[in-house]
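Below: one structure, written as structure tokens.
In order of appearance the chains are A, B, C and D, and numbering begins at 1 in each one.
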């Protein structure tokens, strides 16, 4: 059966990607548990419980936005990738495996974000996501799976811009050992990294 | 890569919107936990447990319907929005972030609906959803992302009608301090608000 | 905005329907909890726990199949319904509200299926689903939202065949008071009811 | 109504398949629970908890990849299946019922993988999935639901290649009694089985 599918179109991959991202992004909310109280419940008690949820809400927002960025980058790549083959499919499946893991790493830092080991787990998760989507583009380019309108210069340009996200993840991993709870601020650097890589060509 | 996507079409956003709404609406049901009993179980015991679930069922229905309304309004807007750019994408991602939060706010009022603070959290969640979808339309109109058939008069008309939902949310927030458990009745006012805004043009 | 959408096409409804069914059908599995043991764990202990899960597995299969039937019937209806309006949208949203409730009613009978009240809850849930999808067809027919190829005879024929599912639900409700745990066998009658209604024209 | 749908197209089935796979694959992550600790929490404590999660992570990866393989094979089959009828729909619904069960079997072996009974449950689940997707192809071929370009030789070839997955499941079931925790290694044999079946024609 393989042989008939060496060059399949990419629609089937995109459907799975859209589904898994939508679910992973919505599952993040399961992170928040409704507080349970023993003793008298008042507005102040609930307010305190909500305030204590704040770090979890921050990580919710962070992961939601990071996932949205990766979802968008995938769509941008597949706008230019016109054909697919078996290895490309597998790169995307492994990529999705780490995407679907994000709700777990997110609850880990929501619960134990002050410990380096949790932040490390979270940042490595996103580093792997970042590496695999780079691999996606590089593989597609090397096998001629791209739209014919994409010239070599554009391929190189996108290669460099795509590095912004894994580089930010590496910075985040370094920051874990300095300011663990704020290591994710590293992702703000992608804005400047992208500018830099665009200018460098 | 950016430059190629300044004017992207809106299909990719709509797919994510449909996915996240379907999941958020279905996750609402996780709100109901199967009652666990200690002691002898009878039909009467289960009946009482189901009756006690009633406030949760009411909030389930309420959130389901509110989400359906916003889902529909988004489809209506994107029926007229023909192009997308980066800020529009981000408005929608932030909007979805608060949409995906609804199952949590819903369980909060399902569990602690008699406390103003819970109702406030819920109503502010929907106020933010309401503000962001207004922003979506205003931004798209100001940047010329709409279908060419949409004239200025129609833009203004829709701007006003769209206000009905955030105004209802504000009324709900006021009602929280008067009749907390029934504050959501404010959304019934959208029917009249829409009529009023339509007539006012 | 309304006025532009009096006659909208039905694609948007179908997307939401597909999403909510896929999720509700998959969430049914959350019904099974991994057994937790105190004491020595052996193969026999796990085997017993799995055997005890059997009623839950039966209800899992039952709800999965019932949902599949309703999903299919909806697709069949929308194959012939070509236009949509606001009331039709709302019929479908209320219908989906009871569809998304199915994972809860399923766990209720999975846990307390030997009590009439649980079975009643489950069967009434499916009765409401059955009534609303009949309403969907009748409303669409009465408002001329159907494909032009559908003549009056065919409309009447489908009206009758559609009755099979709610009638089976009513039979199930009666059976609850006779053989509660097996009341769902009533759905087997749809096979004969459909034959009967088809022959009666 | 039936009669109009004897030959329906396959799009509706594919949508449900894509939805249920995306959700089942993402739900696998609910398998990991955030560790809860009593006593002093340190990096070492969290690290140990994550190391203890390792068998669960292995089964997560395994099930994710197995589901991805079956999702892909389904797409390959429906690339060639052009028409659908009621029995084909039901083969797929039963197939999806066992697909949606995978998150449960996965947590079972994640929790009790050292017991043969858990592994047996898991492997039988995948055997049933493997048998049903073979049935899907055989039924479609026997009823002339395939694309006209597919000749008898190709049908037979695919029939044999499709056997690789259920045969691997049978090998896994045998391995359960020899090396329970590693029985899933049997799926590596599909690579050679496929080669063999391709060569045998």
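The rule is simple: a contact is a pair of C-beta atoms (placed from the backbone, for glycine too) under 8 Å apart; a residue touches a chain by one contact, two chains touch by 3 or more.
Just so it is clear, the structure is predicted and the values come from calculations on it, not from any experiment.
J.: Can you tell me the least number of steps between subunit A and subunit C, where a step is a move to a chain it touches?
T.: 2
J.: If more than half of the interface residue numbers appear on both sides, call it same; otherwise different. Which is it for subunit B and subunit C?
T.: Looking at both copies, the contact residues mostly diverge.
J.: Upon optimal superposition of subunit C on subunit D over Cα atoms, what rotation angle is obtained, reported to the nearest 5 degrees?
T.: 90
J.: At what distance in angstrom does the C-alpha mean of subunit D lie from that of subunit A?
T.: Going by mean C-alpha positions, subunit A sits 26 Å from subunit D.
J.: How many angstrom lie between the CA centroids of subunit B and subunit D, rounded to a whole number?
T.: 36
J.: Note the residues in subunit C that touch 2 or more other chains, in rising order.
T.: 18-19, 22-23, 27, 30
J.: Looking only at which chains touch which, which shape fits best: line, ring, star, complete or other?
T.: Basically the chains close up into a ring.
J.: Show me the residue ranges of subunit A that touch subunit D in the complex, using the header's touch definition.
T.: My answer: residues 1-2, 4-5, 8, 12, 15-16, 18-20, 22-24, 27, 30, 89, 93, 96-97, 100-101, 103-104, 107-108, 111-112, 115-118, 121.
J.: Quick one: which bits of subunit B touch subunit C in the complex? Just the residue numbers, please.
T.: Against subunit C, subunit B makes touches at 18-19, 21-23, 25-30, 32, 34, 41-43, 46-47, 50, 60-61, 64-65, 68, 71-73, 75-76, 79, 157-158, 161-162, 194, 198.
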